[in-house]
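Shared chain: chain A. Partners: chain B in the first complex, chain C in the second.
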Partner chain A sequence: MVDMTEIRTHLSQFEAPSRHLSQDGKEAPLAPLLPEQSQAETRWKDVGLPTRRDEYWKYTDPGVFLNFSPQTTEFKRENSPLFDGDVINIAAAAEGFVVKDGLATEIKIDNLSDDKMANSQAIRQIYGKLESQAQDMIPRGLAALNTHQASRGMVIECPENSQATVQLLMTDERKVSTGSMIHHVIDARAGAQLTLAEIGTQASQTNIVYEIRVGEGASVHLIRAARLSEAKSAHMCSIFADVAASGTFNSFALSAWSPWSRQEYVVRLKEDEAKTSLSGAVLGREDCHHDDMVLVIHEGQNCQSRQVFKKVLRHNAKGVFQGKILVRQDAQKTDGYQISQGLLLDDESEFCAKPELEIYADDVVCSHGSTSGGVDETQMFYLRSRGIAENEAQELLSMAFLSDAIEEVADEQVRVRLDEWAKEWFVEARSCQP
Partner chain B sequence: MFHLNNSVDVKPREGVDHQTIETVKNVGSHYRHGWETEIEMEYAPKGLNEEIVRLISSKNDEPEWLTEWRCAAYHRWTELKEPNWAMVNYPRINYQDQYYYAQPKSFEQKPKSLDEVDPKLLETYEKLGIPLREQMVLAGVEGAGESPADGRKVAVDAVFDSVSVGTTFQEELRRAGVVFCSMSEAVKTHPELVRRYLGSVVPMTDNYFAGLNSAVFSDGSFVYVPPGVHCPMELSTYFRINAKDTGQFERTLIIVDQGAKVSYLEGCTAPQRDTSQLHAAVVELVALEDAEIKYSTVQNWFPGDENGKGGIYNFVTKRADCRGDRSKVMWTQVETGSAVTWKYPSCILRGAGSHGEFYSIAITNNHQQADTGTKMIHLGQNSRSRIVSKGISAGVAQNTYRGLVSVHPKAKNCRNYTQCDSLLIGDKCGAHTVPYIELRNHASRVEHEATTSKVDDDQLFYCRQRGLGEEEAVALVVNGFCREVLQALPMEFAMEAQQLVAISLEGSVG
Partner chain C sequence: MLSIQNLHANLVEEDKAILKGVNLEIHSGEVHAIMGPNGSGKSTLSYILAGRDGYEVKAGKVLLEGQELLEMEPEERAALGFFLAFQYPVEIPGVGNMTFLRTALNAQRKMRGEDAISAADFLRLAREKAKHLGIGDELLKRPVNYGFSGGEKKRNEILQMAVLEPRMCILDETDSGLDVDAMRQVAAGVNNLRGKERAILLITHYQRLLDHIEPDHVHIMADGQIVESGGPELALKIEEKGYGFMSGEAN
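Up next is the complex of A and B:
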């Protein structure tokens, strides 16, 4: 049974979808923007919101997110871009997403709340579809809730063989005490190439959903590196991707400033020769909680998947990784790889992992590894004996540890910048050691 | 739940020839121990209620505290729920539609020694190859009782349905100070030990099947090794389910005192029937300071026929408590039988510097399902654990490794290494790995590795290049796959286990 009071309390923390408010400002019955949204209502009411008893919330308390009181967002950090040069820059605003420069010529970018979206082909075929098909294996109530309630989001359509790099700068300028629900839809048709970076600061509580369809031979690279400065925030992001024949979906996330975050990935390699690489670098301190939950489903033959997740944890931080490679019976010649590692810099930190394999095809090579522990004493000794101070040596080793995940990003310029951002974290961590 | 379709097509992969598929198929259908002993049995009435629990207790002449303990367990059990998280699928079990106690009629008056035991029963064990006469185990060694200097002896406790038939070498063990007898006997001869340790490792409310066992356990083995004693021979228990519609609920309790050492073997078989039978055992091991326990199992319950009909549901709770510092427990298991296996032999590494090891080969074929693994709970500083699990899946079977490695905040300098490998033969089966890893301090290190593959082409190519025939090459690769675990078994068992594994891999051996 779904506890409606609890859901109402949770929902009241989020911005009211602008078109849902009646003239006199009183709470009006929720009218969804799109027909697909009303279907999602039954879905989240069926699966309910997550509880601690759910198998995939074993190591993460959903109560922290559900009962979070959003803070007024204040931006102390200057947002430096991840990409320079020939990119499309988009800024997030209260009313939607605005193209600032590098106007799209090849690709089409719309706001979810646009009236014409009700008839959009991308919406019809993707919105809520990828999310709903992922529900049958593991309940994802928060994603379904987002599908029903989201009032903002981008709809990016990439025509065949188009190329574009989009940089989304999240600057929620409203400074109000609400969370935000954002739902992006990306349709990359055959041969299209899209790189999408999401940077900047977010509202203190976000529930973000990405639904991404990667067409034949197309490729989508998603880089998320939000740099936040709030002491309190809670972020939930669900990424659903369907990859067609010879398509590629890559995702990298740097999570360093969020005190509570959970990323859920569901990547379905639907047809032959599809590929995916999912990676994440996490830096956690001061009671941080970072959870990555990955499900890669191999359906086509000769598909490849990689997962590389690295977490550096200190000052009572907790890192969680739950990843599963599921290989269906027909997905022969699958190559699946997964590594999850936790580096604990002190005794208060904690790393929990559940790396799973579920395999129904015999001609496959699948492996996973998971290691966790402190800094290697021999390496430490080597650096110390060469006159490097202890905390510096620890940083060097931590950076080396993270580099495996950052290396998964193809663009060198981006890698260098991500490296710099990670180093910044260490500088900050040094200055506020308890 | 089971498909009754006989014509399951298994497409052989490159490097695995038809003969392999055939031989693997035969593991289930050619079950060697599927015959039945025709013997007059006495049953407790069907079904489960407090009266039955009291009846079982009175059959064993148990003291009141144990009867009450059983009844408490029964009442707690009625409040527990059957677990459904394992990746196994079986029809709902009707717990009221089976017998909870069955003993051969000739046991109404308990035989005083093996000489008084019904010869039919002795024949049963002879046929199974279990030496009930006190004799040397290894072939070519004659004479019972007296042992040549280099001979190895194995003391056997044979359990037939709900009762222990007899225990061998008791006298010689007694001289060494070792207590090895059936549980029902131990309750009478060593009540203080039983009362102190029973349920202290696996409490009655631990899980549904352990609760059921606590209420209705009928017999099993009891071992106590006093301080400083290295048990002079291998101890073993052989479990045989014979009666129809009867569950077997044995309970084993092994206590090894300071600095003592024991190696214990366990084997099991059951007749071939087309209805499924329940086996819910509990094994508790207690290792005190510097104690060492090696517990090996070759589980060969009837796995059901090639259509998945019949077979044993093996729902077993096994746990070792390494209470003392530097204590060591080593679990080794070869799981080839049972229609459904639900089993997680675990170690609670409480003592500083304690050591837990788990070696497992699980082979599933036809419609068999196995969800097995281990738990290593590191509570003591400097504790170590090592897990090696090899799963082989064929036919339409499902094979799952499920394990937990947990290092608590105060358990500094712990080490764990886990390796789980799965091999798939045929394209209709499944192999799954579900490890849970929890690390709560930075001075410890946990490593986990898992792979799933078919017989590796590169390795085959390498062998072929060096002039080996294809089948020889496959044999080399596949045998290498299991070796680590086979080597961990005591010699007596290694022979049987190797044979069992060989049956499933013979085709690839050529």
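Up next is the complex of A and C:
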């Protein structure tokens, strides 16, 4: 049962969906744009909003997100995107997204709030579908709520064998006083290759959903990195991906500047030879809380999955990782790998991990490991004996620790940037030791 | 240069005395060698000088160029010109050898109030020094000592020494595990650094190294003390007769 008062309070934290406003700015009765949105309403009313009692919210208090008071935040321009190339403004820019691209000539990018989108093939076949099918195993009320209420998002359609690099970033300084619910839909048809980077945040509170369909032999690489200092913020992101035969879905996230974040991944390797790599590098300080929750479902044969999550924690920061590899009965020759590690730079910090394997096929190779501990004292001494000061030695070892996760990113230029950003974090952390 | 006076030290964990009154004077321009049976405390002495945790100094003091060495952090000792080539160099996966070396060099320069070296200048310097030690580009690019062979690790220690140009160098069994060519290259590297403004202390078991780097003084360490000192002939005597010929103390 859902508590409607709680939901109304929660929703009041977010910007009013633009299409729900009548001409004179008054709130019009809710009239969802897409039929899928009304169905989602039934869904979240069914599963409810998360509570501390939910199995997958044991280490993370959903109350922090549900009762967050959005801050008026001044967002700065992101001057150094992950990729080089010219900025082009497209329709979506008006809604707060700007796409910076090098190659995105062939693909179609639209905005969800555009009326004509309701009839697009990508929307009809994907919107709400991937989120909905993920609900059967673990309730994901916040994602359903997003499907119902999202006011904007990108719809990216990649035709067969197209290639594109797209960046979502902010090029304007903006003041934002409410939270944002954003729903992106990505349709990569057979053989298409898309690299999508989401850089920076849209608001102090965000509930973002990605629904990604990866066609046969297609590949989608998603990179998310919010490089903005926010004193108070809460970011929730749910990523749903379906991968067809020989398709690849890779995702990397750098979570460093936000005090509270939770990423949920549900990746379904539906057909043979599909692949996924999900990785995350977390840098947490001053009571930060970063949670990654992963579900990889092997359905096809000969599929490969990797999960690599690394969290550097200090000053009472908490890192959470819950990751599951689920291998269905027919998914023979599955190769599943999972590693999650916490590097604790002091005694106050904490890393909680819950690795899970659920295997119904008999011919599979799956491994998982999780560790938590401080820096290696012998390595520290070796570095210091060469003249490297203690904090710098610690940074070197922390960067080395993160490198396994960053290595999962295929593009070298992006890896170098991500490395630089992580180093910036250490420089900032140095100047504000508590 | 280095003055070790009546140094007594224990292992913290076991409360076991390892060094039992070490005295040693090393002057600029000199090369000393310490030999001695396994477990006599040679590496322990070098670790304590470098500032490793886990030892408790019970008595005595150490001066490096007149400054109290034992009071300093390991990185301060390095900036002052102290260098230890480890008996067991440490592997650091994820940290590039070049990044490590440049960070170290710049950290030392900064502590001494000097400007940082540019990436390009550093690359030139490191390549040049590496060439003389038979270290190829591939090894420079790999993570620090990670997956290096035993000999490669030892060469890498000497590369660090060549780049950092310390004034007081201690080489703890750098010769063990080296092939004939490596021995020659390493010895040449050390001899290159030999000079009026520097001092070198070799810890070794074998005369072989001392054939290439002739020491001015040779000391025998046994059970946590220097029990005998002499010239290069002392090493030859050990090589020939073992430690048995010395007084009971040494065994």
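Operating definition for what follows: the second predicted complex is superposed on the first by the 398 of 434 C-alpha atoms of A that agree within 3 Å, B and C clash if a C-alpha of one lies under 4 Å from a C-alpha of the other, contacts with A are read in each partner's own complex, and residues count from 1 in each chain.
Everything that follows uses one rule, which is that contacts are C-beta pairs under 8 Å (C-beta built on N, C-alpha and C of every residue); 3 or more make two chains touch, one makes a residue touch a chain.
Quantities reported herein were computed from a predicted structural model and do not represent experimental measurements.
Colleague: Please tell me, clash or fit, for chain B and chain C sharing chain A in the overlay.
Modeller: With chain A as the common anchor, chain B and chain C both fit in the superposed model.
Colleague: Given the superposition on chain A, which partner contacts more residues in chain A: chain B or chain C?
Modeller: For chain A, the partner with the higher number of touched residues is B.
Colleague: Does chain B (first) or chain C (second) touch A:Tyr382, or do both, or does neither?
Modeller: So A:Tyr382 only meets chain C here.
Colleague: Contacts for A:Asp54 in the overlay, against chain B (first) and chain C (second): which applies, first, second, both or neither?
Modeller: neither
Colleague: After superposition on the shared chain, which partner residues are touched by A:Asp363: those of chain B (first), chain C (second), both, or neither?
Modeller: After superposition on chain A, A:Asp363 lies in contact with chain B alone.
Colleague: Once the shared chain is lined up, is A:Thr371 touching chain B (first), chain C (second), both, or neither of them?
Modeller: The answer is first: A:Thr371 touches chain B but not chain C.
Colleague: Regarding the shared-chain residue A:Gln332, is it in contact with chain B (first), chain C (second), both, or neither?
Modeller: A:Gln332 contacts chain B only, not chain C.
Colleague: So, does A:Asp419 touch the first partner chain B, the second partner chain C, both, or neither?
Modeller: Neither partner.
Colleague: Per the contact definition in the header, classify A:Gly342: touching chain B only (first), chain C only (second), both, or neither.
Modeller: First partner only.
Colleague: Quick check on the superposed pair: does A:Asp272 touch chain B, chain C, both, or neither? Answer first, second, both or neither.
Modeller: After superposing on A, A:Asp272 lies clear of both chain B and chain C.
Colleague: Just chain B (first), just chain C (second), both, or neither: which does A:Glu350 touch?
Modeller: First partner only, chain B.
Colleague: Across all Cα pairs of chain B and chain C, what is the smallest distance in the superposition, given in whole Å?
Modeller: Shortest inter-chain C-alpha distance (chain B to chain C): 13 Å.
Colleague: Which positions of chain A sit in both the chain B and the chain C interface?
Modeller: Common to the two interfaces on chain A: nothing.
Colleague: Which residues of chain A touch chain B in their complex?
Modeller: Touching chain B from chain A are residues 55, 59, 329, 332, 342, 344-347, 349-375.
Colleague: What residues on chain A touch chain C, complex-wise?
Modeller: Counting only chain A, the residues touching chain C are 377-379, 381-390, 392, 396-397, 399-401, 403-404.
Colleague: Under the touch definition given earlier, write down the residues of chain C that touch chain A in their complex.
Modeller: Chain C reaches chain A through residues 50-53, 73-75, 77-79, 84, 86, 89-90, 92-95, 99-100, 103-105, 107-108, 111, 143, 160, 164.
Colleague: Which of the residues in chain B come into contact with chain A in the complex?
Modeller: These residues of chain B touch chain A: 13, 85, 409, 422, 424-454.
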